[in-house]
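My questions will all concern the structure given below.
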Amino acid sequence: MTDTLRIAVIGAGYWGPNLVRNFRASPHWQLTAICDLDGDRAQRLAGPGDAVRVTTSVGSLLAGGDVDAVAIATPAATHHDIALAALAAGKHVLVEKPLADTGERGRAMVRAAAESGLVLMTDHTYCYTPAVLKMRELIQGGELGDILFIDSVRINLGLVQPDVDVFWDLAPHDLSIIDFILPGGLDPVAVSALGADPLGAGKSCIGYLTLPLANGAIAHVHVNWLSPTKIRQMIVGGSRRTLVWDDLNPQQRLSVYDRGVDLGLQVLDGAERRQATVSYRLGDTWSPALPETEALAAMVTEFASAIQDRRAAGTDGGAGLRVLGILEAASRSLDAGGEAVPLAIDRVPALAGEAGHG
Amino acid sequence: MTDTLRIAVIGAGYWGPNLVRNFRASPHWQLTAICDLDGDRAQRLAGPGDAVRVTTSVGSLLAGGDVDAVAIATPAATHHDIALAALAAGKHVLVEKPLADTGERGRAMVRAAAESGLVLMTDHTYCYTPAVLKMRELIQGGELGDILFIDSVRINLGLVQPDVDVFWDLAPHDLSIIDFILPGGLDPVAVSALGADPLGAGKSCIGYLTLPLANGAIAHVHVNWLSPTKIRQMIVGGSRRTLVWDDLNPQQRLSVYDRGVDLGLQVLDGAERRQATVSYRLGDTWSPALPETEALAAMVTEFASAIQDRRAAGTDGGAGLRVLGILEAASRSLDAGGEAVPLAIDRVPALAGEAGHG
Amino acid sequence: MTDTLRIAVIGAGYWGPNLVRNFRASPHWQLTAICDLDGDRAQRLAGPGDAVRVTTSVGSLLAGGDVDAVAIATPAATHHDIALAALAAGKHVLVEKPLADTGERGRAMVRAAAESGLVLMTDHTYCYTPAVLKMRELIQGGELGDILFIDSVRINLGLVQPDVDVFWDLAPHDLSIIDFILPGGLDPVAVSALGADPLGAGKSCIGYLTLPLANGAIAHVHVNWLSPTKIRQMIVGGSRRTLVWDDLNPQQRLSVYDRGVDLGLQVLDGAERRQATVSYRLGDTWSPALPETEALAAMVTEFASAIQDRRAAGTDGGAGLRVLGILEAASRSLDAGGEAVPLAIDRVPALAGEAGHG
Amino acid sequence: MTDTLRIAVIGAGYWGPNLVRNFRASPHWQLTAICDLDGDRAQRLAGPGDAVRVTTSVGSLLAGGDVDAVAIATPAATHHDIALAALAAGKHVLVEKPLADTGERGRAMVRAAAESGLVLMTDHTYCYTPAVLKMRELIQGGELGDILFIDSVRINLGLVQPDVDVFWDLAPHDLSIIDFILPGGLDPVAVSALGADPLGAGKSCIGYLTLPLANGAIAHVHVNWLSPTKIRQMIVGGSRRTLVWDDLNPQQRLSVYDRGVDLGLQVLDGAERRQATVSYRLGDTWSPALPETEALAAMVTEFASAIQDRRAAGTDGGAGLRVLGILEAASRSLDAGGEAVPLAIDRVPALAGEAGHG
C-alpha cells in the first residue's frame, strides 16, 4: 500500500459531491473513480479531463486495479449489497449513514468486514466536528469522571420529512455522537420511545427517547420538528465534572463545569441508620478553545489513518450498527406505547482480534 | 359575609410566615388567628399585642366565631384531617401543596368541599406569577390555537431531598402550571415516568415524565437535580402560535412565536394517493409586557374572590387532585420500568353544580 | 432603455467576483463585460465562451455600445477617475465603498453625476441586509418617533489592518447604516473621535466616535479590534419606541421595545416653579420576522430600480460622501486630541432637481 | 484598642439602616451609637432597649468615650464638616459616597486623615461584590498582563434624577470599580465627556466618558438612562488575557479569555523597512467560581481590618477623591463641548508614610 490511498466515490447525488470535494482536498487520498447509475451526473462530478475514471457499474468499478477503498453515498437500501461486493473485492469501505436499512443487514456488513480484515467505517460526520472531538477527548481522558447522565435536545422548526419520522431523521445525530464520546460506545440496557403526531402528519413529529445505561446512568434525547426556537444542546453529567455543549453559541460551544453533587454515607444513631450526606461543589467553569476545522476533512483523514494503522475507525461499522439497533428498538417501543425494549448490542469485532471501538 | 374576610393560618413553620405576611398585606383579608402545635412559634409569628388570636388546637381555632376561612400550611399528612374538620365547621379552605399525601384522601377533601358548597383551593403559588397568568390568558383566549405539545424543563444543581424523589420535589410546579394554563386542566391519557439515580442516593435524581394528551398532543417534563446549568423553560406549541417561557430571562420571559408548520392534504394521481403538504409560517415574535406583582399576593386575592363570587378558585381542589393523581401514576410507572400507566382523572365538581376548573 | 440593463464590472479582484455573481443571477441585469488590468484574471471571471466581453482598458470598455452601467470594484484611489470617465460616457455608476479616497474627489463625483442626470450609487452592502432594511422601514415609517440616540458597538478580535486604523476599517459600516436608516441621512453637528493604540501598532486599534445630532440627539460608535468577545449591536432610541439590533442573535436580530421615558411639565408652587415630570412606559416587545435574502442581490436590484425610476439610489453618491466626510472629520478630531470638529455636510443633489436621499 | 471596634452610625435615612444592619451582624464591630438630627428616626433604628446610645448632636456623639469610628451616611454637603470633626476627635471615618460635595473639600478630608494617622474610607460598596473582588485579585496578580483598555457600559431604563445628571448618578460606580481594580488606582491623563439630553430634561440623560490612561491605554464609560435593554458590562483588555464582567449573567458573571493580539516587529528588505507582525491567540475561556457573599458585609470587615492593620482601606479617601476629581473634570469637559480636560490626580497619602492605595 502506498502512502496515498486511492478512493472511489459511489453515488453522485446529494452527499457524494461533499465526499468528492474532501477526498480531493486531502493529502491522504487520491480520487481515482466515480460511479453512479447516471453516467452524466458522475461525469459532471468528475469534471473535465480523464484523471478520474467514470463508470455506471459497481462491478466494473471494483474490477479495476486503481482503487484501495470505496465511499458509498447511495440510498440506504443499497448499502449492504455494494459494501459486501467491495469487501469481497478487498476494498476498505466508508458508508454514508445509516449503515444499512436494517440491523440484520448492517450486522452482515460488520461481520464481513471483520472476517476480511478490512476497515468498515460509518460516516457519522458530526462526530468529527471540533466540539465533539474535544468532548470525546475530555470524557475518555477521565475529566468528567463516571458518566451519570446525558441529556440531548435537538429541536427546531424542521422539515417534516416524507419518508421518516422525527426519530429516524434527527436522533441518529444524537445517538452517533453519544456513541462516539462514551468509552465503549453507547450500550443501553433498554430503549423507551414516546412520540406525538399532533398535526396528523402520519408519523411522529415530536419524539422522546430514554435509554437506561449501565450503573444507573441514563441518556435521554428530545427531537422535535415543531419547535419555533432552535435548540441544539447536550449535557453530559459526570461524577467529577459536567459538560454542556451548546452548538448554537459559537462564542462558547463547550463549557465544563467543576460543579456537582457528592454523596457520602453518614452513620446515624450508633450505626443503626445510615444516611446519605450530600455535599455540593461549586467550582470554576472552563471553556476549551476549539480549532476551526471542517468535520468532513477530519473524517476522511480518520478513514485513511484507520486503514494505514490497521485499526478500527473512530466511527466504525459497529458504531453504525449500534445506532441502527437503537433506532429499530425505538420504533418497536413506539409501536408498543413506549414500553421499554431490552437491548443487547451485538458485539461483532470490527477487525478480527481487535476491540470494536477505538 | 362582610367585604373583608377573616382568615386563620394553621402552621407557623416554613411556609406559614409567607401566608401571614400576604394575608396581612391584603385589603381583602383580616388575619384573625394563628394556630401551631408550638404555641411559642405561633406567638412569635402573631407578634406583640393581642389583635391576632393564638392557639395550639385546631378544634379551639374552629370553635371560635372569628374565622371565615383557614389556610393550612402543615405537613402533607395532616392536610386531610384538618381540611375536613374546617369544612365541617363551615370554613373555606386553602391548602399548601400537595393537596394531600394520597390521592384517595385528596379525593375525599374535594368531595367534602363540593358537598358543603365551600371553596377548597390549592396553593399552587407559581400559577399566580405574572408570566403564568399571562400564559393562561393567551392560551385560554385562543391565541395559540389548539395545543399540540408542551415541553417543560426544570433543571439545576438542586438540593437532593431526604424524603422525596425529584419527581415529587420539582414536577408539581410544572404539572400545576400546565394544569392551570390548559383549558379544562391537565387531563393526560396516561403517564410514563423514567428516572435515574446514578449517584446511588436511593431515589430518582433525574426524571422524565411523558403525558400523552387527547387528540395526539403530548406533554413532557424533565426534572433534574444534577444539572450544573439552571434551565427553567416551557414550550407550549399550538396550531396557530407557539409560546416559550424562559423564567431565567427577566428581560424577556415570554415569547410568542407566530411560526409553525401547517399541514394540508393534496390529491395526487387522480385521488389515488393523498399526501400531506407541509407549509411553514415564519412570522413575527412578540413578547408581552408583564406587571411586577407578587405571586402570593395574587393568590390570596384569588382565594377571596372565589369565596365572594361563590365559584371555584383558579387552582381549586380539583387542580391539586389532578397533580396528585399524575404524581402517583408516575410513581407506579417508575416502579414498572416506565410502563405507561393509564389515567382517568376523577372529575369531582369543586362546587356543587359548577365546572371544576375556572 | 430595455427592461434588462447591461452591466460591466470593472475590477476582478476581491469584491468583483461577488458583484459578477449577483449581476449574473439578477433578472434585472445582463452582464456584458468585465474589465481588469490583469486580462487573465478578467477572463477567468468571465468564464468560457464569449458571452461576456473581456478587456483590460476602461477606455475601450466605455467605447463599446454594450453597456448601460458600470460597477467599479477597483482600489479606492482609482474610483474618481474611472467614475468620471464612465459618467462622461453616459453610464450609470456603482462604486464599491469608500466612494473615493478623499472627500473632495467624492464631491466631484457626486457633482458630475448630478449634472449628467445619471445614477451614482455607493455599494454600502450592509444596508441591504433584511435587518437594516426593516430598521429603515420602521424608523422612516415613524414607528420609533423622533430619534433620540443611536449607540453602535462593533467589536471583536479583529485583524489589525496594515493600511487603515480601526475607524476607517470598521466605522464605515456603522456610519453607512445610520445614514441609511435616518430620514434625511446622517447629518451630525460635529464629530469627536478618541482612539487608543495600547499595543503600539502605529494606529488606533480602539475607537470611539461621538456625533451630536440636531435637536439634542446623539450618535456614538464604538469600534475595537482587541475585544475577545464579538459584539455587533445597535440601539436606536426614539421618543415612541426603541429598537435594538443584535446582529449575532439570528433567532431575534431585531427587537422593538415599547418602553421609554416620557417627560412632561408640572407647575409647582403656583406657577412659580416648573419641574419636569417623568413617567415610564413598560410595554410589549416585538421582533419582526425577517426574510432570508442576500444583501448583494437586493443591492443590485436597487441599482436597477433607481436607474429605471430615474431616482437617487437608497445609498447614493451623497451617502458615500457623507460617510467619507465624517471619517475625514474623525481623523482631524483624533489628531486634535478628540476636539469636536464641526461638520456641515455638503448637500449636492444626486440627480438634478431631486432630493439627495431616497 | 480591643479586638472588637466600636462604631457609631451618623445619619438614619436611606443608607444608614443598611450600615446599621451590617455593623450589627459583623463579628468585628460593636454598634454603640446612632446619631441623626431627627431623634425619633434614630431611636427607631436603634430599636428597643438602651444598648445603643441615641443622639441628635454630632458634638455630643464624639464627646462620648464609647466610639472608635464613625460611619457617615448624611447628605454629601455635610460630609466634610462631620468627617473633620470626627478625625479631630481621633475617630476613624467611613464616608458614604461621594466622599464630599467638592474635590477641594474632599482633599481637605484626605489631608486631615493623613495628618492624624487615622483611617478615612469611602464606602464604594460595589467594589466589595465577589465579582469585583475577584477582578481585582486577577488584575493585580498579573493574570491579565498590562491593562490596554477598559470599556464599561451601564445602561437601562433608569430613573431620571432630579438633582444630578447621568454622569454623577451612574458613572461613580464604574469609576470607583475601575479605580479599585487597577494597580495604583485610576489615574487618567485627561477626561472627555459628551452627553445628550434629547428629551429636554435639563441635564444629560446619556453620557460618554473617555479617559486616556498612561502608556496609550484608554478607559471608556457609557451611562444611559434611556436604554430599554439593561446592560451592565465591563471589558478589561490586557496584554496577556482579557476579562469580561457581565453582571446580569448570574451563571457566568466573569469570563477570562486567553485570547488576544500580539504585536512583534519584523525586519523587511534588509532592515530597510520594519513592519509590525500581528499574531492572534485563541485560547481557552475560564470563568472563576464566585462566593455568595454580601458586599456590605465585606466592606465593614475591610474597614475594621484597615484600622487594626494600620493601613489604608481598599477604597480609601484617596479613591473617593479620585472619583470626585474625574467627575468634576467630566462636568467641565461637558460644558466645554467635550474638550479633553487634563487631570493630575492629587496624591495625598492616606496614612502618613504609606502608599495611598492598598
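Every chain is named by a letter (A, B, C and D) in the order it is written, and numbering of its residues begins at 1.
The rule is short, and it goes like this: contacts are C-beta pairs under 8 Å (C-beta built on N, C-alpha and C of every residue); 3 or more make two chains touch, one makes a residue touch a chain.
Predicted model only: the values in this text are computed from it and were never measured.
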Key: Set of chains whose contacts include both subunit C and subunit A   = B, D
Query = From subunit B, which chain is the farthest off, judged by mean CA positions?
reply = C
Key: Copies subunit C and subunit B - interface residue numbers shared by over half, same or different   = same
Remark   = Per the C-alpha centroid definition, the whole-Å distance linking subunit A and subunit B comes out as 41
Remark   = Distance in whole angstrom between the CA centres of subunit B and subunit C is 54
Request  = Calculate how many whole Å lie between the centre of subunit B and the centre of subunit D, each centre taken as the average of the chain's C-alpha atoms.
outcome  = 46
Inquiry  = By the touch rule stated above, which residues of subunit C touch at least two different other chains?
reply    = 229, 255, 282
Key: Of subunit B, residues touching subunit D in the complex   = 229-230, 251
Inquiry  = Which residues of subunit C touch subunit B once you look at their complex with the stated criterion?
reply    = 252, 255, 258, 282-289
Complex contacts: residues of subunit C adjacent to subunit D = 146, 148-149, 151, 157, 159-160, 162, 190, 192, 194-202, 205-206, 208, 210, 212, 215-218, 220, 222, 224-229, 235, 237, 239, 242, 244, 255, 257, 259-261, 263, 275-276, 278, 280, 282, 337-340
